[in-house]
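In what follows, a single structure is set out as structure tokens and then discussed.
Chains here go by letter, A, B, C, D, E and F, matching the order in which they are written, and residues are numbered from 1 within each.
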Amino acid sequence: MEGVTELAAGADVLFLMLGAVMVLAMHGGFAFLEVGTVRHKNQVNALVKILSDWSVCTVVYMVVGYQVAYGVGFFAPAADLLGADKGLGLVKFFFLLAFAAAIPAIISGGIAERARFWPQVLAAGLLVATIYPLFEGVIWNGNLGFQGWLKGTFGAAFHDFAGSVVVHAVGGWLALAGVMVLGPRLGRYTATGGSHPFPPSNIPFLALGSWMLIVGWFGFNVMSAQSVQGISGLVAMNSLLAMVGGVLAALVAGKADPGFAHNGALAGLVAICAGSDLVHPFGALVIGAIGGALFVYMFHVTQERLRIDDVLGVWPLHGLAGAWGGVACGIFGAEALGGLGGVNLLSQIVGTLAGVALALVGGLVVYKAVDLTIGIRLSEEDEYRGADLAVHKIGANPEERHGP
Amino acid sequence: MKLIIAIVKPFRLDDVKAALNDIGVAGMTVSEVKGYGRQKGHKEMYRGAEYFVDFVSKVQIMIAIPDHLVDKAIAAIRETAATGQIGDGKIFVLDLAQAARIRTGETGDEAL
Amino acid sequence: MEGVTELAAGADVLFLMLGAVMVLAMHGGFAFLEVGTVRHKNQVNALVKILSDWSVCTVVYMVVGYQVAYGVGFFAPAADLLGADKGLGLVKFFFLLAFAAAIPAIISGGIAERARFWPQVLAAGLLVATIYPLFEGVIWNGNLGFQGWLKGTFGAAFHDFAGSVVVHAVGGWLALAGVMVLGPRLGRYTATGGSHPFPPSNIPFLALGSWMLIVGWFGFNVMSAQSVQGISGLVAMNSLLAMVGGVLAALVAGKADPGFAHNGALAGLVAICAGSDLVHPFGALVIGAIGGALFVYMFHVTQERLRIDDVLGVWPLHGLAGAWGGVACGIFGAEALGGLGGVNLLSQIVGTLAGVALALVGGLVVYKAVDLTIGIRLSEEDEYRGADLAVHKIGANPEERHGP
Amino acid sequence: MEGVTELAAGADVLFLMLGAVMVLAMHGGFAFLEVGTVRHKNQVNALVKILSDWSVCTVVYMVVGYQVAYGVGFFAPAADLLGADKGLGLVKFFFLLAFAAAIPAIISGGIAERARFWPQVLAAGLLVATIYPLFEGVIWNGNLGFQGWLKGTFGAAFHDFAGSVVVHAVGGWLALAGVMVLGPRLGRYTATGGSHPFPPSNIPFLALGSWMLIVGWFGFNVMSAQSVQGISGLVAMNSLLAMVGGVLAALVAGKADPGFAHNGALAGLVAICAGSDLVHPFGALVIGAIGGALFVYMFHVTQERLRIDDVLGVWPLHGLAGAWGGVACGIFGAEALGGLGGVNLLSQIVGTLAGVALALVGGLVVYKAVDLTIGIRLSEEDEYRGADLAVHKIGANPEERHGP
Amino acid sequence: MKLIIAIVKPFRLDDVKAALNDIGVAGMTVSEVKGYGRQKGHKEMYRGAEYFVDFVSKVQIMIAIPDHLVDKAIAAIRETAATGQIGDGKIFVLDLAQAARIRTGETGDEAL
Amino acid sequence: MKLIIAIVKPFRLDDVKAALNDIGVAGMTVSEVKGYGRQKGHKEMYRGAEYFVDFVSKVQIMIAIPDHLVDKAIAAIRETAATGQIGDGKIFVLDLAQAARIRTGETGDEAL
């Protein structure tokens, strides 16, 4: 029996470690999705930003955020941290950090091409120390009694298996706040109502980023079970179907546009996180398809009607498809629709709205504060030259600049 | 007929083109070039090493044009390409001995 | 004991999920292999095609193909699908779907640069609904008594552990059919016997695709065991050695050509799928080396002698190296050559020929049917402009087109 | 109980297989790190080199090196190789091969852009047959009594959990030898003391390589436990923290330079390998940060003061950060600093120096021997044209060369 | 001596080159340019937004040539570059005051 | 005023530029071109197929220059661009009818 316990403990550490690494790999995906979508003069910045945000967030979440969300700290000897379960607590931290660090990675795509480097990193750190873990703890650790209240009131707590709301909607609405505080890129909109979208630099890099995200997403969702014994093949299946739904809807609604198709897959995956453990695969297909269509439609509204310069469209992608996922889980999770049941639509709506509201307000406060104190926007000249030369002193293809 | 070769800042191209269109210049040929002049290049840094990029990106516009439009064209280019900053560029005018349209074989002003 | 069963069930779900995701990642590899090999004006098309084919095939295989091959459907409540084994059946579907979807991904590289988008997707869907699952079921599910007959006649069933024939040869010969129906790209061959090969656009992307395929292939082969208890280190080792054999042979035969070297690795891996669980590692090295050399030699024959415009060379790569793998398993699997035995060369030859014949005939029928009804070839003008602009209305590097 | 043993055996095979594949994927990362850093005319060469070195080393290590290090060979029937443990010995070989093959992959970046192809492959093979497995066996298999002697003398053997010294320092110092034998690239330094660094071709590819390495590194470190029961969440956590420390230090010391930031992550990971199983996470953060800073500082010294043309900076990255990792493990592993204890600083220093010395001397011997016999440097003309055209007869973007 | 500058469709380049070779033109200098004229550009779409690509890819061929070959060269270019469709391009001819071969210092027709 | 168009080997550009600077040429416009001439291209191979790259990479330098500097400039280019090997390039000189600086409107030698 000893052997079994040992094996089970080891298997769980492996399980979460694999999950953590798969989500870490998604961050490379975030980087390339942005590299491909921004203009060439901001490619390097996209890359360095993602890596730096990840690094700063690791330290911040370890020292502050994780304490806020789960009351767990790391100021103990290594032997204690390791404990009797082969350091399960450590890989759990790693896994959840990879979620937390997705917040700035999501935002990054929205505020691309015009934010100053260090102020942007500072804002990322602040968000991962406060707003994000606050909501994370409320939903996933039962902090502040919110979940208890929902359960008492509506009969079920807010269900968000892998973070449609906790991670994606929150990230997307924080991004919206950041984008609004920063304002549009130079020349994106004219005073007379004109709109000049900037074409992307590199579709293959964008697609590479999308593939890295798609593949890693199965770690994001499946490993949210947090133990081998808790694993569910349904989560994998539903993630697949939602991704497929997202692609198909975006393909049709977006007329085979490569940007829509590759982001449609992500919209589907964003939408399924919350209910991936309890909806039926066909439900997942529909959830993903609606996520994909929503993205295509709302991307246009964001850019052209609301005139919000959200470069990668992270608000429609994560903010809206994520909120839809939170709600959808309350619909398609019902047994009547083939789901496993145990969810309540009102709980889902209230929980989703709470996340969205907190993110929007918190985001406005943090970005406004950073902007008013140290300033978060590049100077016009720096923005014009591009963040690569302005911040990093080098472009994406330096050798080319040295020919004639 | 003349051949105008103008070197301008890349981001002025669209305006220059529009202005030339307005005065009746129907065609032009454009290429990416690197300029060297009073406007100096810039310094880049990579892994601690400095790289001087001597050359500045410019756009070259080549226009074959009937004689009577030359002055108008020069004026149009100047008005739209000038930012008042060093590096705005140059306009060169050459005599064009002959011009032909490949498709029809028309020559002279007809060909432009 | 309860704990052990639970753990074992969870481990199997994890195992197949990892395998499925690794093979999913291979599809990104298929995309980049094609992106790098085609001309720049068809890069976007390659990317969108792979993603769309995957998505359509998921739905088709779920609703039709899987039923054809294994008689299993998904029209039951989620609770039933999940069952008592943590949804093992669902990840098994996911894993096998990733194989099925490899069929259009293989074909895609052959018919690149000239096929219409939706007709091509339609053909992919038809193949994954019919021809592929038909043969899959016959070989891997014992349908129609073919395996029983082989066993009765030759003493052993047709052995194809991870699909040298079921996936690769079938995919490669289907592709040959598609390529023949489509005909060569404009300008590829002249009426007077001239041959104008088109150089590839981007070797690094091609190599990236190859790396993604190589890495994912270990999921393709090793996870074909379908349970942790069935895992075999020999499969991993043999896959490694065959890949290495393929590289080395292609390197020498191809004179350090980057296209041959990176495809040589794949040829080795294609060839080893069938026998990876029972040949000796040195046998695998030889099998892979022959696969690599065969690819190099037959690529030339295909292109120049047969004048078949198979853009990525998928017929020699998957069709021929796959068939070789099916046969090789009957040779090197023998105990006399250090293998584990239990295979029969005649069974292998007959099984391989059956797959090849079915694929060629089935492929001709499907592609001809699509061509005659809705037409599968791009118009000359669209082909000349490139599928990117013609189909997707945007090229791979849009920003560049907007400078002067 | 049968079931448990079976399950445990299967789990271990899976564990090592996953580790091996993750490290295999790192080789793709090595390739892209080099592709992005070298000049465009040497990109293809970088790609083919890594793949070829891997392939040759597989055969060489299987037939010679593994025998040298562990006394294990593969000349037995497959059934015997498979054994009763599902072929654990085979995946163990695969895992350790992936480490061995890292040696030429590390070196490759140092000697880039000027080495002849086959002589370089030959040198790689020689090193993986002799120097590397010699030291590997001494440290990890207790060969020649060196570890016993250290233990007797200082109270603890030399501890190198995942190869800061065995792999990275050895690789880095071998590379230094190779770089010195080859001499600087044409035009890199002038006789009059001038220095003309060559700018990199492609930062996104460099970053992609870095991401591939980072992700795979968790397999490199965590799977060094070599069994599920031996897994430690601490290793994953420490790898994370060291990577983060490396990024942050490189970011600050390198002023947000993309090359430094992305290599800084790797420097941190190099430095943590040795002690990842026993230092405290905050210790890992410091170790990684020092690794990152050391890389930034010593890169400059190497290039400009020592005038050593180590193209990717693999000597500071692997050689110095690796040696630092060997020593750091003796410092931060101490219980007084929150570590798990059981290490001795003197043992660490002696062990590290032994590795460094062996590598430098062995590397000089091998590279000199290859150079004097068949010559290892490209002709001036070939170097000028670039290794791509000279060796592989094709450049990275062939299509572009065929327009006007 | 004259300097011929011809703007042609990229896919005609090989034929033009061959034809020039045939009449004895030994050298030329070619560059990628963007043309603007009667042949209009095209529209692209990305994520629902339209992008107008005004400029059309062309190839510019520059040939320094002895006077006696000018007419032949123009004819050769016309014959091979013409497709009969709008956008076939132009031929411009300038007087060349001087020409020198860098390697040898030869000047005039010798240098070409 | 003259317009000098020099075609040189790419790796000689820095030296040519420095030499021109030394004799007082303050500006120039440079572009990447492909040359065809006595120096032949090279053969590439991919997956067994041969590709002939007919054109050789060259750099084109365009300099508008006052008459009195023309000979000096030609000499400077020749000295720095010549390697003695086939393919060193050419120097072409055209008469420049007019020149203007866009920023200030200065014309003639002043504009250069």
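Criterion: a residue touches a chain if its C-beta (ideal position, glycine included) is under 8 Å from a C-beta of that chain, and two chains touch if they have at least 3 such contacts.
For clarity, every value in this text was computed on a predicted model and none was experimentally measured.
Least step count on the touch graph, chain E to chain F: 1. By the residue-number overlap criterion, the interface of chain B with chain F counts as different, with under half of its numbers used by both chains. Listed candidates were C-F, A-B or D-F; the one reproducing the A-E interface, defined as more than half of contact pairs identical by residue number, is C-F. Looking at D-F and C-F side by side, the one with more C-beta contacts is C-F. Averaged C-alpha coordinates put the centre of chain A at 52 Å from the centre of chain F. Computed from the mean C-alpha positions, the centre of chain C lies at a distance of 46 Å from the centre of chain E. Chain A and chain C have Cα centroids separated by 33 Å. Chain A has residues 4, 7, 11, 18, 199-200, 202, 208, 255, 257, 259, 393-395, 398, 401-402, 404 in contact with two or more other chains.
For chain F, the set of residues that touch two or more other chains comprises 30-32, 34, 44-46, 51, 55, 94-95. Within the complex formed with chain A, the residues of chain D that make contact are 4-5, 7-8, 11, 15, 18, 22, 39-40, 198-204, 207-208, 211-212, 214-215, 218-219, 222, 227-237, 240-241, 243-244, 247-248, 251, 255-259, 261-262, 265, 278-283, 285, 335, 338-340.
By the touch criterion stated above, chain B contacts chain F in their complex at residues 2, 5-8, 31-38, 54-55, 58, 60, 74, 77-78, 81-95. Against chain D, the residues of chain A that register as touching in their complex are 3-4, 6-7, 10-11, 13-14, 16-18, 20-21, 24-25, 27-28, 31-32, 35, 43-44, 47-48, 51-52, 54-56, 58-59, 62, 74, 77-79, 81-82, 86-91, 93-94, 97, 117, 202, 205, 208, 391-402. Chain contact summary for the complex, chain B toward chain D: residues 44-49, 51.
Contacts from chain F toward chain D in the complex involve residues 34, 42-46, 51, 53, 55.
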